[in-house]
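Next up, some structures in structure tokens.
The same subunit A turns up in both complexes below, where it pairs with subunit B and then with subunit C.
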Partner chain A sequence: MVHLLEIAGTGLAAVLLHPLRSLVCVVALAAVLVPYLVGMALSQGLQAEAEASARFGADLYVTGGRFGRPAPLPREAAQQIRQMDGVADASPRIVGEIVLGKDRIPAVLVGLPEERLTDWHEAVDGKLPQPGGPYELVIGTTLADLLHLEIGATLPPFYRNDRGERLARVVGIFRRECPPWEARLVLTTLDSAAEIFDQPHAITDVLVTCRRGYQAAVARRLAELPFFSHLQQSDSVRVRVTSREELVAVLPSGLLHRGGVFQLHFVLAFAVGILVLFVTSGLGLAERRREIGILKATGWQTDEILLRGGVESLCLSMAAACGALLLAWLWLRVGNAYGVASYFLAGVGTAPDFPVPFRLAPVPALLGFVIALALVMTGTLYPSYRAATTPPREAMR
Partner chain B sequence: MPMPFFETRRLNKTYRTASASATVALDDVTLSVERNSLTVIHGPSGSGKTTLLALLAALERPTRGNVIFDGKSLETCSDNELARVRRRIGFVYQDFALIARLSVEENIHYALIPRGIPRGERRRRTDELLARFGLETRAGARASELSGGEQQRVALVRALAGQPEVLLADEPTSNLDPAAAQTALAVVREFHTSGRTVVVASHDPALLTLATRVVRLERGRLVPEA
Partner chain C sequence: MRPRVVLVVLVLLVSAAAACVVDGDRPDARRADLAEPFHHALGGLGFGPALDLTEGCFGFDPRLSDSSLGSDEPIPAVAAALPGRTGLLFSYHPPRRGGPTRLSEDGYGPSP
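Now for the complex of A and B:
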């Protein structure tokens, strides 16, 4: 046992014996691992954020659909739902896409009744939108930066409305620590949103809060509500009810899809990484081959040479995995996912102007270490084995 | 009749070069090396002395023929068995075969680790032999920082530190100054008189005087001494 430990000790010394090779190997490994760790951390961070948002949202989401596509619901839908047994509140909402400025920057406009806007109070610098006068808007940080808007700034009409257009005024900006979804959000009153989209009697969905224990019953009875049966017959709009649990269940698949795309890119990087490591492991190969030849000539067995190489690989992979973890953390925390956040968040530029959520979970980190080990083993052990099974005099030449 | 320590039977070693031409390094060499003998192999450069020593030390395999070490045919030995044979042999290489980036001390210790010699004993043997060869102040120096003569002495120390049953040495005094060569000769003589076997390839007349047997190689063949 002591003998094996001493052989293992020579593996540790081998890392320092070839500093250039070790350094290049660790750098090449870290270059492969860092994007993987960053991608997985972002994917999981965004997933956690989305789940939290869904968990703190409404119990039921009522939307309309026609031919499988979203269709607006009449405004009275919220009133009808509010009258149902077991419903504590039913709030209409308008969600739609707009473009702003001469560069046609895309944004998501959300309209809520005034009484629901107060929920956003703590997330906003400035004040919340009020009805009347120019349209009052709260905008996300990305929009504020891209359009150079501050609180009090006025926007010329950015929509077409046959009944005339009005100016819009920025009355608040979402705080930077808000979830990333708010970065390109425009929040206003329900009436303002209805006028901006020129749909005065329509909403996109109803957010339903149920009394305790009523959620399943309300969800079941919603679809049978005469109001919605009539809507289906007259406008061919089918109502769809999504519970919070269903929303949470659907979220990971969407975000993991992004993670999957990123993993696909990583597989390509992995394939390239192996080649890079084969090249880097070739650094000083002749010297290592001679070294192994000398060890064999002085009585080392092949398995002892491989143990030495294995320990060396283990040390290099641990160094690479720890380095990659640190670099990934720095990239996410200090660099705020510079250059990579746009893979996961639509509309986000190279340098996000809000704190990008991330979670460096242990499983991807551990997987990173395993990948590093597999790569170094491939690059180190095979040439070592080849040298060790060659007659020593030939290896020493 | 006692069993020879080494025996070669019709040993042949041919090297093929990139141009596909073949160089016969050893041709039909049949030789016995008795236990406790001091055999000197001499002959002109390129006569096959180094190749013969390498084959005796199981550092490579012959093209044809067989080497028998202490009654065991090396032809049928596995890789690990050959490694165990090498642990019984101390080899001094003509080019020293030191790991350039390791210190003198580490070069010696690395040869002792697979023999299972404890750290303290390794240190004791190394210090003692280095002092004997006047290298005690160079223990921490990298092998690449040593002169040719110093490297040759370290190679001798490494070969002897394992307390092998047999010492094979390829021109062990060729790079040494007269004083160091005297020390090396004294150590070889001591090794032999302690009842162990020595095979040396050398042109050194001083070593020839110590030999119990002299073997001459010419163009890869053994030739009878005049």
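Now for the complex of A and C:
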């Protein structure tokens, strides 16, 4: 046992015996591992945010569709749904796209009834929008930064309405710690949103909250509601109902699919890395062959040389995996995913204006270490074995 | 002397990496506190990798539209450089509504 530990000790010393080789090995591995860890962390952070969105949202979402695309519903749809047995609440909502400023920055305008705009002051700096007077808006942090808007700022009319346009005033800004979808959000009252889009009688969806145990029954009966049957006949609008469970169910399959493709790309990158390591570690390094030849000539056995190489590989891969983890953490926590967030979140600039969500989970970190170990082992053990099985006189030449 | 130096450096690196994972895997308490009132009031808005509707509703929130046209780019991250395509690692398929469809004997199923 002591003998094995002594050999392992020479493996540790071998890391410093060829400092350039060790450095190239660690840097090359870290260069491949850091983007992988950052990508997986951003993806898992966003998944956690999406799960919260589904969990804290409504039980059912009723939308309209025509030709496979979203179509508005009449405003009275919410009233009709509210009267159904088992429905606790049904709120109309308007969600649409607007553009703001001379640079035509895209934003998502959301209109909600006034009664929903209470009791969530903690998510907003300033106050929540109220009806009457100029349109009152709560805007997202990215919009506030891009348009240089502060609380109390007035926006000239940014829309077209035949009945005339009104000024809008910023009364609040979402806090940066809110979910990332606040970045380009503009929140206002339902009536204000209807006037901005010039759609006084239409909404985009109805948020349905059901009484306990009624959700499935309400979802089934919604599509059969005479109001919606009439709507389909008169306006060809088909009603679509999405439940919270259906939404949550789409997450794992999508992530597995896209995560699998992502990991496949990194497996290819590692495959290329093996060739790089072959060149840098063993095949082209005559000095290493000579060293193994000397060890053999002084009485070392092949398995002892392989153990020495294995310990050296373990140290290098551990250093690379830990270094990559440190760099990934710094990039995400300190650098706020600078430069990389836009590859994983559409609509984010190079420097995100809000804390980018991420989860640096142990499983990808462990996987990174295992892949790094396999790579370095491949680059070290095979050349070492070849050199160790060659007659020492030839190896030393 | 040399093996000890390497060993000490490795132990420090592993400790620092473990601390990073512990910190990175912990949910942000402030963010978690704000998520509930935010989504509760908005009725749950935002689900996907897009922060606006320029590429359609699906990438922003599939509850608004389950039309995933143009948002199922199979090459992650790389496709983000292409204009008009979401092409992101985090993605999903349209939700399946109403469970499995049962066909009648004449081959017709119920209306979705």
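Odds and ends about this structure:
The working rule: the second predicted complex is superposed on the first by the 360 of 397 C-alpha atoms of A that agree within 3 Å, B and C clash if a C-alpha of one lies under 4 Å from a C-alpha of the other, contacts with A are read in each partner's own complex, and residues count from 1 in each chain.
Keep in mind that, in the parts below, a contact is a pair of C-beta atoms (placed from the backbone, for glycine too) under 8 Å apart; a residue touches a chain by one contact, two chains touch by 3 or more.
The shown structure was predicted, so the numbers you read here are calculated from the model rather than taken from an experiment.
In this overlay on subunit A, subunit B fits alongside subunit C without clashing.
In the superposed model, A:Val218 makes contact with neither subunit B nor subunit C.
Residue contacts after overlaying the shared chain place A:Val34 against neither subunit B nor subunit C. Touch criterion not met for A:Ile173: it reaches neither subunit B nor subunit C. Of the two partner chains placed by superposition, only subunit C is touched by A:Asp205; subunit B is not.
By the touch criterion stated above, A:Thr242 is placed in contact with subunit C alone, subunit B being left untouched. Of the two partner chains, neither subunit B nor subunit C is touched by A:Val87. By the document's definition of touching, of the two partners only subunit B reaches A:Glu394; subunit C does not. A simple residue count on subunit A separates subunit B from subunit C, and the partner touching more is C.
Per the superposed model, the minimal spacing between any CA atom of subunit B and any CA atom of subunit C is 10 Å.
When the two complexes are laid over each other on chain A, subunit A has residues 10, 13 in contact with both subunit B and subunit C. Note for the complex: subunit A touches subunit B at residues 2-3, 6-7, 10, 13, 17-18, 287, 291, 293-304, 389, 391-394, 396. Those residues of subunit B that touch subunit A in the shared complex are 54, 57, 59-61, 79-80, 83-84, 86-87, 91, 93, 97-102, 106, 110-111, 113-116, 118-119, 158, 162. Every residue of subunit A that touches subunit C in the complex is listed here, in rising order: 9-10, 12-13, 15-16, 39, 41-43, 46-50, 52-58, 61, 63, 65, 68-70, 91, 93, 95-97, 106-108, 110, 112, 116-117, 119-120, 122-123, 142, 174-175, 177-185, 187, 204-205, 207, 219-220, 240-244, 246-247, 249-251, 253-255, 257-259, 261-262, 265, 315, 318-319, 321-323, 325-326, 328-329, 332-333, 342-348, 355, 357-362, 365. For subunit C in complex with subunit A, the touching residues are 2-3, 5-7, 9-10, 13-14, 16-17, 20-21, 23-25, 27-28, 30-55, 57, 59-67, 74-77, 80, 86, 88-98.
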